[in-house]
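In the two assemblies presented below, chain A is common to both, partnered first by chain B and then by chain C.
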Partner chain A sequence: MAIQPTRRFSRTDWTHLGFLALPTLLFAVFYIYPVISSIRLSLHSWDGFAPTMRYVGFQNYLSLAQDTRFLGAVRNNVIWVAFMLVVPSGLGLLLAAILDRGIRGERAFRIIFFLPFTIPAVAVAAIWRWMYEPDNGLLTTVLDLVGLGGLAQNWLGDPGVVNYALMGAVAWWTTGFAFLVFFAGLRNVPVECIEAARIEGATPWQVFWKVSFPLLWPSTIIVLGMSAIDAMRLFDVVWATTRGGPAYSSDVLATLTYDLAFGRLEMGRATAVAVYLMAIAAVIIMPYIIYMSRRVQDSEAE
Partner chain B sequence: MSTTLRQRQTVLTRTVLYGMAILFLAPLVVAVITSIKSPVEITRVLALPTEFYWQNYAAAISRMGRSFLNSIAITVPAVAFSILVGALAGYPLAYMRGSSGKVVYFLLLTGMLVPFQIVQIPLFFLVQRMGLHDTIPGMWMVHTAYAVPFCTFFMRNFFASVPRSMYEAALIDGCGPFLYFWKLLLPASASGLAALAIIQSRAIWNDLLFAITLTASDKARPVTVQIAGFASSLQVEYGPLMAATVISVVPVMAAYLLFQKSFVRGLLGGAGK
Partner chain C sequence: MKASRWLAGMAALAWSGTAALAQDTYEIWHYYAAGSELAGMNALIEAGNAASPDTQFTGVIIPGNVVELRRQLQTAFLSGQPPALYQSSMAYELKTFVDGGRLHPLTDVWSRIKGDEIFPEGVQRVVKVDGVPYGVPFDLSLINNVFYNKAAFEKLGLQPPTDWDSFTAACTALREAGYQPLGNAGGPFWSLYNFYAALVSVVGEDGYYKIARGELGFDSPEFREALDLYRDRMVSCYAENWSGKTWTQTADDVINGDTAMFMMGIWVAAYFEQANFLAGEGFDMFQAPGTAGKSIFQMDVLAVPEGTEGSIAAAEQFIEAAASTEGQAAFAVPKGSLAPNVNVDPSVYGYAGSTFSRQFAEASQANAVLPNLFFLLPTSVGTELGVQIERFAIDPSDTVKEELVTTLEGLRQQALTDNAFIQW
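What follows is the complex of A and B.
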């Protein structure tokens, strides 16, 4: 070879940098630039059409902090994070643990539990609007049939009920992902560990919590991380089902931003909401990202 | 443990399992049944249809226009591009030593916490200035770009599970790092690529946010935007809506059923690491 590669920067290093060029360029253009541009826009008042934007300083942020609609959306987002971390993950783990015990028809169950996860959010919205239809929907009909008609609600029309109704639909939609990741993880647990525990006289309950669950950590961390990310980004299902209504009761920060930007053309205020959303997401998700990028070093050290 | 207790446990787990299976299937079954019912029968939700009312599907197809084809034209190339870019980034990040690789990896991962709402407005103007607003290539570009963090994460972990000795042996044999990637690493990662393809098909086919922001007409509008449009009208006709929903659900569901073996295997290699 004509050129002797220098010790610090070899041909391999240059190839690596070449591979990274396109992804980092896309990242710079579609993540870094728009985020900086949005932070700047959030300090202005602008309708999206006027040739100039009016600088208003932190006024958008200050007025939002006293806006009940905004505060309601923040509260809903926090509740969604808690819900997404607990319910679909817990249910997915339960189903995976049951199915892992070797049950006839395992393949069929695996498909059934995962199927809802494959469908689009708008389809989830359409199907559940029909499930929740207050007069003829499946839920009301079944409750009437078993004599519990008194429990029927105006599921999506009552501000006190709508968020729980949406959570039911989302649990149906996303549990499949948690289920499959846990199921795959359980299949990775070495049989010898479980056998050893059984021989020592552990009950199935003990085997699961003392042996399988700790070894499931890689699956758990994926499920919880993805759930938190999805909960902060939650938009499609809520928008397609209720548009944040009735009376803003099911608003989350993402639907609020969309409505302010493209419904009311308050671009500055809308981006201020989005900046708040990113700040909250950073607090919740940053530890996860730091953990994930640290884990890399661990795995290479092995 | 006594046999009766074990039997009782089995009965309990069976009951939970079948109960959950019914809960998971019921909405899908009701949607399919509703889609073939006539307007008169539709309100009796538990009754089976007496005839196959195909007019719902005719109405759905005419309302969906070419949005279904748009969805296919957007999804297939965008999935391929996003996986390719994820593999491009994942490869050096899995093999680079030293801190610079870790810094880049961390930076790309932070993209996962960025809510898409914060990029939405500048993105709209950016895509417009590029002349790609309301075009299918514009959607390819956007879906590829916003997939960078997750696809990098996934492919990097998958590549890291491929034995490093293979890489070192290839370099010693005079195979350059580029040829190694193309001739050895990608073929060895088929199951990971398939799993990511399924995840990406779902994410891109199902997307609503980017599509409502960046498409404006039949030229590029995908099926999700079209359905959201007629699902949220005040007087919803559930027959045609359910027919359209069923049509929109089929491609990703079929893809998953076809590739589920490699999906589970790939998930283990990538996410399980």
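What follows is the complex of A and C.
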């Protein structure tokens, strides 16, 4: 019977473990512990100030599942995901493709397109609160000037319009990020591939969709992944602009969480919403991350 | 070696300086971040510090409103490092913190400042929990005044309305003349404050307190009647697109003469004056129909978290200065609010302030001072009331009315089960 040699930790192994210890500790303290603590809190009733909590089991989860406000916030979050995946990402790609053709003033346009993304969310909200002033705001005034005053709306005050208005503001704010990533991606597409396609007689449209766009997939991963995550954790612009109103019509799960926690002092219910948000985000985003991870592995294998 | 000694010396000096600073300097947390509000708070802190040079307070602004301040306080309480003093809302807000064992009772300082004598009875009852004072008022604003553009009224020969019929007649005349008759703004507070006029008209002061105590249902005929009155007399009078505006945007509409009337807290008078739209010249005010002779008010108080002996003593010293006539005037005049202390000389105010002061004195004498219902109700009920009234103002249909009644009554029943109402 062969004796297995004893595996001893070498100095290098200890060094590796040492380097791993800190991030592992940080992950445990700042991610694992808060998640477990939140799940525990979601099973209690607590106003955030009382010295004790009352255990209520799954009551917070069950009552939320029948709450029209909660269901409305879930619906809004799902709509935001669809919007963020399509509009800012699509616009960013479009702007990047236009600018990649080498038009005059490219550098200035690059700055102009990206500039809104550098503005803090609260400032974006303040800007658009004025833009959307329903009688004298810039948007209504411009529509009046061009003879389209009939299209003017009560932008932030009509429950049927407010979400679209917020999406307009967010599109203005975040398209610059998608643009920059796609633009950098386009600049990294090998010139030989494009030249070869042109020599073969491909039209500019075919060159873009058959050659450039497929080679952009690393950029696409980043943009779509970040967009979906941003949509699920959306809070600051909505809170600073409408606080989820009027009458909950622009609520998303993060604003609902915040309002329940600090507006109504229902910490248990608020945390239950946060746990729901985590679960919903996982259901929506995890398949994408798994799919993309496999693509990366396949790509590395090739 | 020399360098390290020098550095050590500097560090010791810095540490001792910090320690000395920490001994004498305390924080007061508030959310008055700009304009007349910040000017008032700075003046109050200056007055408090001048009265006790040994203990200095610095203001720490928590941007936002009471919601953001609660978030910050919660973190501070959990870490055991609350401020020595903070700006608190009245009534149920105080009770929540008292029930959590977070606030220091102000019985001693209350008796030193003679709180039972200098503050009206209606004010006293919303700073005490089970008869013990936990907050000292410093900022009081009436919320039952309708401000109007004088030029618009004079152009049409209108007099300030005195009852619902004359109010409706004024609305009709103003709309026919091309004005937006009555401004309002989006958010859970402003429509609710307007609704109080209709509510008090129907249920009176007793009924108002019955709702606050959970004794009168949201499905009662009286509450439904108040909703109908609000819909027929005020909502029908609102400006187009009001729900998409902030209160400052609507105030601008009044200044510009697009909107003729605006029912808002008296802080709007300070906003008008800052825009050089002067009280008695550009605008004037009247008490909303149904509230003549009464004062519905919103109020902020200074609250003291449980802490060290030193911080509590410093906070109480500050409160003594803040409750004095000088301290109260120092805040109220730049802020454009009223001093809750009845001994403050009305001559410190301008035209608008003295009008509000007179209204408040008359209401106090008649024992018709009503605190904001939002803060008398359990937090979740008050907040939902604000949201539901705004929703009803946007869509005043019978369907929404019934949903409002069902939602609020469900919360009332739950609060009754939880024994959450306070017997104000």
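Throughout what follows, the second predicted complex is superposed on the first by the 277 of 302 C-alpha atoms of A that agree within 3 Å, B and C clash if a C-alpha of one lies under 4 Å from a C-alpha of the other, contacts with A are read in each partner's own complex, and residues count from 1 in each chain.
What we mean here is this: a contact is a pair of C-beta atoms (placed from the backbone, for glycine too) under 8 Å apart; a residue touches a chain by one contact, two chains touch by 3 or more.
Please read these numbers as outputs of a predicted model, since none were measured by experiment.
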Practice prompt. Pick one for A:Val35: touches chain B only (first), chain C only (second), both, or neither.
Written response: first
Worksheet item: Counting only touches as set out at the top, which of chain B and chain C does A:Tyr248 meet: first, second, both, neither?
Response: second
Practice prompt. Could you look at A:Pro159 and tell me whether it touches chain B, chain C, both or neither (first, second, both, neither)?
Written response: second
Discussion item. Looking at A:Ala261 after the superposition, I want to know if it touches chain B, chain C, both of them or none. Which is it: first, second, both, neither?
Written reply: both
Practice prompt. Give one of first, second, both or neither to describe whether A:Phe49 is in contact with chain B, with chain C, with both, or with none.
Written response: second
Item to complete: Please work out whether A:Arg129 is in contact with chain B alone, chain C alone, both, or neither, and reply first, second, both or neither.
Response: both
Discussion item. Tell me which partner touches more residues of chain A in the superposed arrangement, chain B or chain C.
Written reply: B
Practice prompt. Could you tell me if A:Gly149 is touching chain B, chain C, both of them or neither one (first, second, both, neither)?
Written response: neither
Worksheet entry | Residues of chain A that lie at the interface with chain B and also at the interface with chain C | 48, 129, 133, 135, 243, 258, 261-262
Discussion item. Can you tell me which positions in chain A touch chain C when the two form their complex?
Written reply: 47-51, 129, 132-135, 154-159, 242-243, 245-248, 258-259, 261-266
Item to complete: Write out the stretch or stretches of chain C touching chain A in their complex.
Response: 67-68, 70-71, 74, 77, 96-97, 99-102, 186-188, 240-246, 249, 253, 258, 379-380, 383, 387-388, 390-391, 394
Worksheet item: Within the complex, which stretch of chain A touches chain B?
Response: 11-13, 15-17, 19-20, 22-24, 26-27, 29-31, 33-35, 37-38, 41, 48, 91, 94-95, 98-99, 101, 103, 109-123, 125-131, 133, 135-138, 141-142, 145, 172, 175-176, 180-181, 183-185, 187-188, 203-204, 218-219, 222, 229, 232-233, 235-236, 239-240, 243, 253-254, 257-258, 261-262, 267, 270-271, 273-275, 277-278, 281-282, 285-286, 289-290, 292-293, 296-297, 299-300
Discussion item. Taking the touch rule as given, give the residues of chain B at its contact with chain A in the complex, in rising order.
Written reply: 1, 9, 13-14, 16-17, 20-21, 23-28, 30-31, 34, 42-46, 85-86, 88-89, 91-93, 95-96, 101-102, 104-123, 126, 142, 144-146, 148-149, 152-153, 156, 160, 171, 176-178, 181, 202, 205-209, 213, 223-224, 227-228, 231-232, 236, 238, 241-242, 244-245, 248-249, 252-253, 256-257, 260, 264, 267-268, 271-273
